[in-house]
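Just below sit the structures, each encoded as structure tokens.
Next come two complexes built around subunit A: one with subunit B, the other with subunit C.
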Partner chain A sequence: MPLEQKVKYESDCDKEFATWVTSQTGGENLRHCIQCGICSATCPLSLYMDYTPRRLINLAREGFKKEVLSSFTIWLCASCYACRSECPKEIKVTDIMYMLKRKAIEEGVFPRRFPIPVLAREFSRMIFMFGRINETLLVTDLFLRTNWFKFLTMTGLGFNLMRTGRLSLMPDSIKRRGELRKVLDAIDAEEKKEEVK
Partner chain B sequence: MSDNKNKQADLPRVGFYICHCGSNIAGTIDVVEVSKYVSGLPGVAVSREYKYMCSDPGQEMIAQDIKDHKLERLVVAACSPNLHEETFRKAAAKGGLNPFFFQMVNIREHASWVHTDKGAATQKAMDLARAAVARVRHHQSLEKKRVPVDPNVLVVGGGIAGIHAALTLANAGKKVTLVEREATIGGHMALFDKTFPTLDCAACILTPKMSAVKSHPNIKLWTYSEVEKVEGYVGNYKVKVKRKPRYVNEDLCVGCMECIDACVFKEAKFPDKFNQGLGKRKPVYIDFPQATPKVVLLDPQTCIQLKTGKCKKSCAEVCDRKAFDFEQKEKFEEIQVGAIVLATGFKAYDAKRDHQYGYGRYPGVYTALEIERLVNASGPTSGEVVLRDGKKPKAVGIVHCVGSRDAKSNKWCSRVCCMYSLKLAHLIKEHSDAEVYNFYIDMRTPGKGYEEFYDKLLSEGVHFIRGRVSDVTDWAVTPEEEGRLVMRVEDTLAGFVRRIPVDMVVLSTGLEPQHDAQEVRRRFNIGCGSEGFFQERHPKLAPVNTFTDGIYIAGACQAPRDIPDTVAQAGAAAAEALALIDAGFVELEPNTSHVIEDECSGCKSCIPLCPYSAISFEENKKKAIINEVLCKGCGVCAAACPSGSIRQNLFEDDEIFSEIEGVLAK
Partner chain C sequence: MKYQYFPGCSLKGMGKAYEESFLAVSRALGVEVKELEDWNCCGATAYMSVDETKSYALAGRNLAIAERNAGDVIAPCSACYLVLNKTMNGLKEHTELNRKVTGALKSAGLDYKGTAKVRHPLDVLVNDVGLEKIKKHVKAPLSGMKFAAYYGCQVVRPYATFDDQDEPVTMDKLIAAAGAECVTWPLKTRCCGGSLTGTVPEAGLRLAYIILKEAKKRGAQAIVTPCPLCQFNLDGYQDQIAAKYERIDMPVLYFTQVLGLAMGLSASELGIKRGIISAEAVLAGR
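Moving on, here comes the complex of A and B:
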């Protein structure tokens, strides 16, 4: 096994990263964290995480942007808000997770074949296109992009779901998709304006 | 048994009481069995057991029994006499019995708490009870002596603790002498820039109290002085004070400081002790603008006149009040006081001892006290946070727990470092806008407004890295580390080792006992804990008292503590001293020794043995004589006397021998 150097230099940090987080809606209280760890303890998914929520907050605060944005933690967050309600310093951990997810997608540093970011991206893409989700399409898309081999083992389940009417093969869409497009474009334009400010 | 009972007629009637102390005693010792056993002993008229003897009904029972059963002696088997001897003596007195016709048996600390074998513990309690019953027969009727208390007080140490204690006592109308070793009062607090957590300026809150001391009609302020010798006893101490020469007449100097300008040294060139060596001073100097008393002094190590006698003495020439006196010698003064408050403070840990942090080796490494001076507007840089080469630091690392929580130096937590490190982090950031890192092990902020202060610092963007810095090095491994100091630490919260380059390192040094704490404690005849801080009488219930009556301790000489706690403790020490003085007298235990004059051969062997200098020799009669007021009842003289002519009350031979016989009898 090759040995990997684990020491962190200050050049590994982005000193502005914490300031960026605190400047975003929901990230204001980041620096107040006292590292008590109740977020990690209460988190139903922390047992699968590479960095526990407590550690992720610390890394974000210390400017370890690369570690934070490429972590699995932010994608594993199921937004149950347990951490948010338990936090003694009222840090909006879930909001910070969302913020970091968006940033990770924006910078293209999320784990490529990890299903959750793919699901998030495909989900929103489908909404933008049809205004509605088609489960069959979404699931197929997700499996093909992440683990097509698993798709084969799931065919039995898929077939049963289809038989009971839980999965539809018919494409689904809202009426007046053009108007949805307009709404979404307007939001985009607003966000761009905010960023320029 | 019938024999014993017959004898009872001429033996004093003893009442025996055994306490359950809840389950503290009764849980291990069969108290009913002990009580039954003792009731059969010769001379025992009453033997009872009760749940809590020290309670009001318990005491009442004793007093009533003394009357009803005409008891002549009393034995109580319960806890340590340190706790309740006085209680039961009072109960005896209430029943009309001389309080010294009483003996206490400690069956809690000496039996039930230290044994697990119930049978053996019960047997031991019986043995001890039997011994006490045998001894108490021989007790004599004794009276406590009353001695008057001198209303004057000595306060040693002119830091915030001494200042506050002196002012409290003086405001209560007592005459106080405040003795301070340095040339000015103010102590460590005078060095600080701001105080946590409110960030009010230390000088602004301290200097009014300093001038109050100076101008108070009831306070005699002796700076540059040290206590040489303490004699006497509670209420009546005789203290010898050494007054070191300043070479300037304190009564004449008004602190105009023209002499400093006139000194033949045109430039200040000697390290300034007050500014931790960061600034320079002349041989004639004053520590800081608000020094109290505002009197200059000469440093005999650097003053040309004092060293060689060959100087123009331009300082003395310019002084129109003729205050200079190059011939001044140290002098000794004696004062008489009733109580003493010791407030001798602490010493900051010597950062050079932790060589891994490079203090004294790298110019960029500072102690926290140096930074206090550096951020202070009246400090050597007028409040600018700059390195020794004049450059502004871009990054500053503050290392907590230097000389604290370390088995290699000091094991204790110094209690104030977390808070002052936070304060310095705030001030450094405010003064220099540098990136500030705090390296801590645990963040300890217990106090009013302290946690809130920590939260404020968190929000200011100061870095908090949990981990003890292993070393500070100038060995760079990346280009950004070149020419800087690198701190190696495991960021235990992030989960990896980090190398952090900084320009300035601040070592948050812990608090230690003064270097001469051991000598001082011997001089005042008080105790020190294993770490060297002065020992309080009880950690919870007598925190400012010592084991020597009339001597009180306040502030960081007892343990590391911050300003609010120090002031509270100084007030408490002053109140204790007032309680002693205002009673007007003290009662002394009658357990003192006395010489049987006819039997004393005048060999003098007892005189050097007495630790309290209570024995003197009467030349006319050629006999030793014991001052009962000075005698503490240690018994050394009585044991040493070759002719057996020294006797000690409550420890007479027949009392001790019958106690031994009692404990050994089966």
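Moving on, here comes the complex of A and C:
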């Protein structure tokens, strides 16, 4: 059995990542966390997570970058905000999860079998094109891209939605698509300007 | 009473029955609602995972359009309600974010001042219209019916100020005004699984199953909700839940449908037939 280092030395941690986390919007008060664990207790998904929210917060602020960004935890957060409303230190746990999801997508380190990052990307692409989401088209697109087999198991649901008149195969669109694109492009331009600085 | 109505994508798609019943009830109560001109998707939870600043700008465009007219904005979908309020809060708290977003909006001729007010129909019905007036409109009380009032998460957390974040009561009051009874249960605001029912069913379906099973255990004849995603998860996945856990057969109605029925509006006007698990047998007993 190969010997594996189970506990990190301080020098193994990524200090830059720790600084980044605590400098982001919503992460400013991460150092205030007293590790009471009420976030993990109140989270309806913590029992499926590889690190509970309490552990994830501790890992993030100490700079365990790889563990945090490749964890299932951040993708299992369904944004129900239960942790945030219970936290005695008013830490915006849900916003921290969003922040880590964005970083994981940016660095391409999310768990491969998870369709959620693909969903998020397709979602934003559809908005850029039409300004609105057609749920049927979004979900069809997602399953065709990630899991053919799962798509077949969804046909029963698709039939039920059709039967009840809830399925629509035409993309809905806003009138002033150019206006929306201009706004989104202006943000891209602004962020590029910042990068150059 | 005049309001601006922000439907969001769900109420135009899988949540059609919510739009139908919300508009029918508003009309009957004399609440004037006008759809927000050229609204775009609020961004929901997905956009926030890709780009933070853009997700604020996306919601910001809707708010800027709303600010051109008088009247509070009504957002019946929980995700839209949360995102629009989150955007107003975020742009007020973070000056750098505000500068970027308002600048981008301005480049497309949109002026964001932060003066809009985004409200939920639960809030408007209880606090603006009032329970007394609603009771006067109840012509066919749902006496003897028992419902589980299920709010879901994002309608109360973390921005709602019109109700409690864990033990909300506004919908219970409306159901009582409709003449029906609510079961007592601790799962009013527990997560239904959100988008995980589709993406990670191992975890998501279990959460939806817990809500359905606990409502049934307490004798509810139907679950009543103010959220299109909760309605879809709890109603649409019951076949998959039956295959994995047990068959529950629980209709899932919108609170606006319950109110409408009590006010004597027709089932077709309220989109009752759009439920995948039919509510007809349950409602025939009223």
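As a working rule, the second predicted complex is superposed on the first by the 177 of 197 C-alpha atoms of A that agree within 3 Å, B and C clash if a C-alpha of one lies under 4 Å from a C-alpha of the other, contacts with A are read in each partner's own complex, and residues count from 1 in each chain.
In this text, contacts are C-beta pairs under 8 Å (C-beta built on N, C-alpha and C of every residue); 3 or more make two chains touch, one makes a residue touch a chain.
Predicted, not measured: the structure shown is a model, and the values here were computed from it.
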Using the touch criterion from the header, give the chain among subunit B and subunit C with more contacted residues in subunit A. C
So, does A:Leu59 touch the first partner subunit B, the second partner subunit C, both, or neither? first
Per the contact definition in the header, classify A:Gly27: touching subunit B only (first), subunit C only (second), both, or neither. neither
Quick check on the superposed pair: does A:Lys182 touch subunit B, subunit C, both, or neither? Answer first, second, both or neither. second
Partner chain in contact with A:Glu190 - subunit B first, subunit C second, else both or neither: second
State whether A:Tyr9 touches subunit B only (first), subunit C only (second), both chains, or neither. first
Going through subunit A, the residues touched by subunit B and also by subunit C turn out to be none
Write out the stretch or stretches of subunit A touching subunit B in their complex. 6-11, 15, 18-19, 31-35, 51, 54-55, 58-59, 62, 64, 89
Once bound in the complex, which stretches of subunit A touch subunit C? 25, 44-45, 48, 75-76, 78-82, 84-85, 94, 98-99, 101-102, 105, 114-117, 119-121, 123-124, 127, 131-136, 139, 142, 153-154, 156-157, 160-161, 163-168, 172, 174-176, 179-180, 182-184, 186-187, 190-191
For the subunit C and subunit A complex, residues of the former touching the latter: 9-10, 12-17, 38-41, 43-54, 57-58, 60-61, 90, 94, 97, 100-101, 103-105, 107-110, 153-154, 157-158, 165-166, 189-191, 193-196, 198-200, 202-204, 207, 236-237, 239-240, 273-276
Can you tell me which positions in subunit B touch subunit A when the two form their complex? 435, 443, 454-455, 458-461, 463, 465-466, 478, 480-481, 491, 493-501
